Amino acid sequence: MPLDGNIQPEAVISVESPAIQAAIVLQDLVKFFGRFAALRGISEYFVPARLYVVVGDNGAGKSTLLRVIAGLTQPSQGWVRLLGAKNAGAVAHRIGYMGHASLLYDELNGMENLRYFAGLYGIPDDAVCRDAMRKVGLDADLERRVGQYSQGMRQRLSLARAVLHDPDLILLDEPFSNVDARSARDMAAVLGRVRDQGKTIFVVTHQAALMEQVADEFVQMSAGKIVSRTGPKQVSASVAVDAGGAL
Amino acid sequence: MKPFSIAFIVLTLGLLAFSTYQALFVAPTEQTMGEVQRIFYYHVPSAWVAGVCFFVNFLASIAYIVKRNEKADALAAASAEVGVVFCTIVLLTGPIWARPVWGIWWTWDARLTTTLVLWLIYVSYLIVRRFAAGSQTQILAAVIGIFGFVDVPIVYMSIRWFRTQHPSPVMAGGENSGLDPAMLHVFFWNLLAFTCVGIIFIGLRYRLQTMEDTLEAEHAQLALEGGSQ
Amino acid sequence: MSSLSLARATLLKDLRMEWRSKDAINSMLFFSLLVVVIFSFAFNPTAEESRLIVGGLIWVAFLFAAVVALNQTWARELRNQVLDAYRVSPAPANALFVAKVLGNFLFVVVLEALMAPLFVVFYQLRSVGPVWQLVIIALLGTWALVVNGTFFAALSIRTRNREIMLPLILFPISIPALLAMVDSTTAVLTGESSPDFWMKLLVVYDVIFTAVCLLLFESVLNAE
């Protein structure tokens, strides 16, 4: 539900309900890159344990929105509250992010990459990494360097890296690009199951139809604003029009 | 512009005229160097003002890093530019003074060399301000402002020692040792005048910067409301 | 994971990657050799004069080598936006910084260890003062260049004309350290004066700027 008026952040956090505590709240979010306004004033409230699919044209601000929530970019105006904290930094261990780029080292193999990133989250053992690779359908014993992976494999490893530490909030930017249709459907199903475990997921994608079975809500963005939020059945027609050539 | 500012500018102009007159005509002629010594009344006050400007930049840079206050950044930008200008004056008047007195353009004495290094550091600061991309400019510049100023005492110490190892021509009648009281008098007038000029330039540049920032913010707001990209 | 073990893990990862690709190492080694040879042509080494200027020559050569090494410090992290993954994690920024500085330090020291014998041979160097002092000066001086260099390399990531930005900012600020390196090296080689003051200056420089870098690195990493 969109927020109106000037709600003070402290007022939201002090509310007792843990559901609201864990929510993602955006208030008057604005982000400038020089003179270009990537986000033009977004005030929204996102309930936890839902799968949100963010759709919209190129340049609508979808990636920027994800980066602001992840704490990678500071908003020019407005604020974000998430997981009961004032900024992403405080709850970094509970956030998983997957970007456009692979965020992986080409010179290392799959396990070496995951092992290193697991270390950033204080995860000492290999079992978690092997498990993550298995879950995305990759061979943990593969010696091949990531630089030699196919695009689809790289996407899957990148996803594994993002969810390695079992985050409560998962932000995925185009996770299905260059992934074959069957793997994409599998991934979508996996995301649904993860959501069922109580995690909150934001997926930016041009392939909205893939998510129809599992999504709770489609968030439509245009020119830096959120223009509509709809349930999956209502969105079929409009999303098909938008997604057009990507399907 | 506020009436106080205008009054201050007018007063400073008068002060500058007065101190220049003093420096050129009233101050006694130095016995060994002759008329050329009068550059001293420009050289040293400029160095002083440059130093103060860079110190202001240091404080403003710290304030920006800690508080992310836009005005602090504007002050940092203004003081760095004005500081570089005065520093350039020092570096130009130094050789002009040195040439007729010692027959050489440059000497690696502690103060002049430190000024050169200082100039290099803050010119690099200005270049970074120009070349950094967008919103990061301010943080990056603030960082360099801090680095640069922390370096200054180290530079001075190192060159002092360097100098005792490689002695160079001693400055006859040095600035602060046994200065004739009449000269001291003129020196302080010039010091005051230059400081006021420095304050004015920083003030003007600061105003320019904040106006530019406001303009940027207005443009940005327009872009926000316009709805077009 | 504690900061220290994180830094260690990062350092080991970097070393492993460097060992595998060897692209930076090989070109750096060859570049270092080239620099020494070119200097030998530019500054014709006759036995007595050379000892006076070789302190400066060596350090300028080391400086060139260091800048080339420093410029690629963050190259791998930038290639696939890996820095995003680091920044979004709870890992402290300084652990990353320390690892990168140590990596660069090791790298440049190895280069120096290779270039120094070449200088000795080409310039027929004999040191009047004790060689262990030269080693300490080399370590202190290299740390001075590398700690600031790694920091400014990170800073240059976010500027246009990245490769020129690094030396442009690094050189002026490093001047006192360079002066100390050159003069102390010359002092030891010629035995004509004491390098003590210069070595103390290097220590002071290293301590102060390491502290400043550690304080400010996080701001630079997250500037966006």
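Letters are used for the chains, namely A, B and C, taken in the order the chains are written, and counting of residues starts over at 1 for each.
Basically, contacts are C-beta pairs under 8 Å (C-beta built on N, C-alpha and C of every residue); 3 or more make two chains touch, one makes a residue touch a chain.
All figures in this text were calculated on a predicted structure; none of them were measured in a lab.
A complete topology is adopted by the chain contact network, contact being made between every pair of chains. Should one ask which of A-C and A-B has more C-beta pairs in contact, the pair is A-C. Overall, the chain located most centrally, as judged by its C-alpha mean against the mean of all protein C-alpha atoms, is C.
Chain centres here are Cα averages; for chain B and chain C they lie 32 Å apart.
Averaged C-alpha coordinates put the centre of chain A at 40 Å from the centre of chain C. Our note on geometry: chain A versus chain B, Cα centroid distance of 50 Å, whole angstroms. Shared contact sites, meaning residues of chain C that touch two or more other chains, fall at 224.
Residues of chain B found to touch two or more other chains are 135.
For chain A, residues touching at least two other chains: there are none. For chain A in complex with chain B, the residues that touch the partner chain are 30, 32-37, 40-41, 59, 76, 223-224. Per the touch definition, chain A reaches chain C in the complex via residues 70-74, 88, 92-93, 95, 97, 99-108, 112, 116-117, 119-122, 124, 145, 161.
Within the complex, the chain B residues that touch chain A are 134-135, 216, 219-220, 223-224, 227-229. Against chain B, the residues of chain C that register as touching in their complex are 148, 155, 158-161, 165, 168-169, 171-173, 175-176, 179-180, 183, 193, 197-198, 201, 204-205, 208-209, 212, 216, 219-220, 223-224.
Residues 1, 5-6, 9-10, 13, 16-17, 20-21, 76, 79-82, 84-91, 222, 224 of chain C are the ones touching chain A in the complex.
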